[in-house]
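One chain, chain A, appears in both complexes that follow, with chain B as partner in the first and chain C in the second.
Let's look at the complex of A and B:
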């Protein structure tokens, strides 16, 4: 009998990628500590390997095809027109555009605001933000032991550092757009986003990953949000990668007392997407709104693993993840709500709801509550349902064709999540993106 | 306009419900269908509208408008609606997450497209909607609410008539639209129906009560029992049913 394989070796090619990243970094004057950090992360990755489906957290998500694929590092090349790649182009925002893993200042537009500091990671490491950024990157965060976070730490090339000074309200949305054009087949893009929001500050951030069909890219992104007392952060992640792309993402948010954080995770693209999210309510009276919306079809797989960590008293969390599945698509939802022993008077709510438009689609949903004190109010649940035939017939009897009726009802199913997006232009652009799922 | 011949139908792979119904509704006519609970009235209405739960095992339904004769059973439900057939549901369906405004406009424009007419832009449609709301004495705020969700029984019925007023059908099938309505609502609904009464339109009304027929005078009254039409007559048949109930008609066989 064969021994059970629970780990997969790091593909040979990855060492070559690391060597190239180090060479390139040295050429660009990357600081010494960063090279050390890359080495350290890669060694940890090697030691742990990648998970098989024997690992509890990867039970339904087989990454062998990802590991078997060959990837290359981003090459800086003259970037053609990119506007057509941005389906939900939004007016009146600051946009930082990354094309195939390289920052493209010529396509970005940014109007400086006082109290707001936004630098590309490469620049941030060289200029005055270097020290603050080094400290941030040196902090250990939940998820550091994830193989994909290690891989990102070893190879990350592009990224952004956003810092908002205390008390500052940033007027324009900051939109980070990571585009894959398909011009560099098999490109592995490892962005790192670090956001520092000072006490009492307010900011809206969007992070979009958009791929042109044919771009079999691999995006492995890590986003860290550090939110100060009384701050207010609205962060939206939009994943609309090419149908053949791989996408791994880890969002980590830590929020101080009385802050309000709203996270929206919108998934429509990629062949295989793994979305890890950790939200720590570290300060008393923090409030978290965590919303997810996904629409998948074909043979797409999206795997959500979320952790909401109530560490101190009087925290409030609201989590609603909703999605639509068609064809043979698969969804995994594993949502953990932790209430630590001291986190009295926690108010937590979590729900995952799925609409299946096909009999061959599957959902594995597992909402979990782990409560270590009894002075809390927490509820959670999950549903998996089909479209309501009576409603379909009702719409048909009013002249609406079946396909259109199903689309209308599916959109209605996720409408409450969209409705929670208070940023109206963003809400409209997400609605438009969702319409593409129904072939419009 | 509507010719039903020897219609036999059952729930898909289930027991037979309609056992040989024949009926002809001509343009300009109003027919009433009465009959005890469970006799098959709603089933007939739903089959006309194309409900997928039922299977026609024998017989035909033909529909003719503008001198074009079609086999109704060949058309998808939405095509029937677009061709001018409207079913006011006995139990209107809640549609959470879809506002009345969005629903009504989608419906109206779908019918326009099918008939080769230009769609109405949102503003023009708004005007049309306002006019019909006023006609039915409905609160304009209601258009932003989700379809039928938390509507009272009477509001749902009125909402059916609003949809009918907007779609302007050739053949309206009203399934107990009068049930659950107070006197004032009943008058409004009847007015709405009477307004659509033209020499080129027709109405098939299912009801238990003669009181509706006072406001909408039928040309023909049918009594359905156990899946068959057991008596057909004029308005006086409705009066007689009101007085005597159905017992005297049961088992009477085809009239």
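Let's look at the complex of A and C:
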């Protein structure tokens, strides 16, 4: 038998991108340690290569087409108007807008609040936050060995550093908007988001990736949430990239004792989307609510890999991932719940439910439990099915057209995930975005 | 029993060694060994070809390590690939020619082979190390046209049947251990149920590893023709030894139109001592093909022994309306490791499968369920229900669930549920307050937990399985 190809070489062009990033960084006075970090990450990436479907974590997702594509680095270009790009524009929030991978202060709006520090990565590295940021970036986190996290570390150009002081409740939602306009075809955007939430603080964050149709871009984002004792964080990620786009995302959250984190991953866009998520319950009594909603069609592929890591006693996790598939769309869900040897009194729950609207849609789901402690309660489940014909018939008999009936029932199927979004304006905007999936 | 045997010895009453003269070949594996095995068994040439093909493929492969188990490297050259109790004549005329020691061994294991014991209502094929030593009730079965004999005998007497079905479900290059088995398998059972025949009694094979430094590589092939049905049970034990012994078997089931095959296993190989020394590596490939319409294959397994269990009894649901079932109880204690589950491959229309898996992990053991449910695009109207529950007894054990669900047809309905928890303290307290001691209470609760599986076993084996579990838990609880 021929040797099995288990990894793919880093495309030649990427070295050129790194060189350009380094040159650009040196021109802008990037600190020395950052350049070293970029080199280190790129060397690691080159050593490990990109995975093929022979790798367990990439069993159902082939990234060859992504590696075959040619990408360019973001260029700063003035864009007169971005509002029309934002389908779910929300009032009364702090918005940081990034256009094609560059921070656009002219479009952003931000009202300072005491105890809240928000800086773009670029500014943060130059001003007083540089040291805190350096420490955060130097920390090793689960997922550092992922090739796309390495790629992000090597090439990241834009990003945000959010710090909330101890005991501060931030009143307005902070919305990070990454827009792809299509004006720079094949742009590779590598944002890095670092969030530091002090003990007892409370904050609502949203991170949106939105692309105009025709914008064949590649977004490779890494988001790190560091959540202090008793802190409360609501974080929503919305991915509505262009149908031609590639999207790779790694969200990593570490929670200290008695903190509560609510994460929502909403996916509707991109040709190929890979969402990695690691949630570590590091402090006793931490609580995690992890929800996912996806609606895909055409030849879209969305791949969720989540890990909920119960490391200490009395952790609670609730995970609900639901989605709708149409046409030849494919969904991969691999949800891992780990209970470490000392993590007694853990209460874990996970469910993945899929609704198939077409004959050729495919779901590969693997809800996975790894439990090394006896004093726990863990449950997981997965279902895959189609719409109940009787329900469609009932609605038709009441005079509702078949398409409308199917859309209504599909929306109802995922409604319980939307219902969990306590931030009402955000909930409404997500519902509106979902409506576009049903052609409204 | 020697003094050195510890508490495991109390719970493993099958750990004795029988002193029989054995016909054993040199350690090691090469083409000459394979030719020797083949000639000792007077096999038809196609079988030797099959063995050599498998061996040559195996040589090029790397031992797989993806399972959630750990074990030191296996030295395949340190194994004797053939061991038979002497005076095993080329063909046994009757059981009276079998070494009385061997017969006594089976008596002691509770498997009576003597003709006078045929009232027990189960036909048994007894495999001692590498060969089958006797098959009971052959005449009764022959009247119905049923062939139930050792694999070697089948290869000599029914070569056409063997040639057409051998490797049709588990090809020689299916996986590393199946290839090894295909190269060196020594014996096993062969069952052929002709068209329209319902087998009048349960068929059973009892596998016994006796000799040291051997491996057991048996091969079972069961064919149920149109409308036939059969219930087959296998059991197994081995002496207690400090070395690890490899058991790499292959089981192939074929069910044609309207046929039913029910395959039950009560596995009690020696699991090693309480520190994980010794024990059997149970690396087995079991697969059934529902080839015909309305056919049904049902696996029931009670896995209570072996240092490492690594197997996935599977069903390929090819025929329309065919049914696959998998019921499993896997109990691990001391340092045992189990990575077991099933695969249900839905190809035909309206195919249905049910998976019920109960894992019980005690002490420092590691118990994993790994399963695959694949609904291919052509499997219109397929249905699967899976339930995988794990129970943890002790805070150093591990219970894992790795269910792979691949659905490529929207008319499929697939459900998977899994829970992991410890024994309910309230339930234990309730039973204890009613006067049961802790051990009895745990045993009762575990039995209740496994009931869904036990009730699918043939009656005698169901009783046996309950007793086996109680015995295992005795040393783990309290």
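Keep in mind that, in the parts below, the second predicted complex is superposed on the first by the 439 of 440 C-alpha atoms of A that agree within 3 Å, B and C clash if a C-alpha of one lies under 4 Å from a C-alpha of the other, contacts with A are read in each partner's own complex, and residues count from 1 in each chain.
As a working rule, contacts are C-beta pairs under 8 Å (C-beta built on N, C-alpha and C of every residue); 3 or more make two chains touch, one makes a residue touch a chain.
Bear in mind that the values here come from a model prediction, so they are computed numbers and not experimental data.
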{"item": "Contacts of A:56 with chain B and chain C, given as first, second, both or neither", "value": "second"}
{"item": "Of chain C and chain B, partner touching more chain A residues", "value": "C"}
{"item": "Touching partner for A:368 - first (chain B), second (chain C), both, neither", "value": "second"}
{"item": "Partner chain in contact with A:398 - chain B first, chain C second, else both or neither", "value": "first"}
{"item": "First, second, both or neither for A:379, with chain B first and chain C second", "value": "second"}
{"item": "First (chain B), second (chain C), both or neither touched by A:389", "value": "first"}
{"item": "First, second, both or neither for A:408, with chain B first and chain C second", "value": "first"}
{"item": "Which of chain B and chain C A:359 touches, first, second, both or neither", "value": "second"}
{"item": "Doubly contacted chain A residues - partners chain C and chain B", "value": "none"}
{"item": "Contacting residues of chain A [partner chain B, same complex]", "value": "389-391, 393-402, 404-405, 408-409, 411-413, 415-416"}
{"item": "Footprint of chain C on chain A - complex, ascending", "value": "1, 56, 60, 341, 344, 354, 356-386"}
{"item": "Complex contact set, residues of chain B against chain A", "value": "49-52, 76-78, 80-82, 86-87, 89, 92-98, 102-103, 106-108, 110-111, 114, 146, 163, 167"}
{"item": "In the complex with chain A, residue positions of chain C that touch it", "value": "60-61, 66, 377, 390, 392-422"}
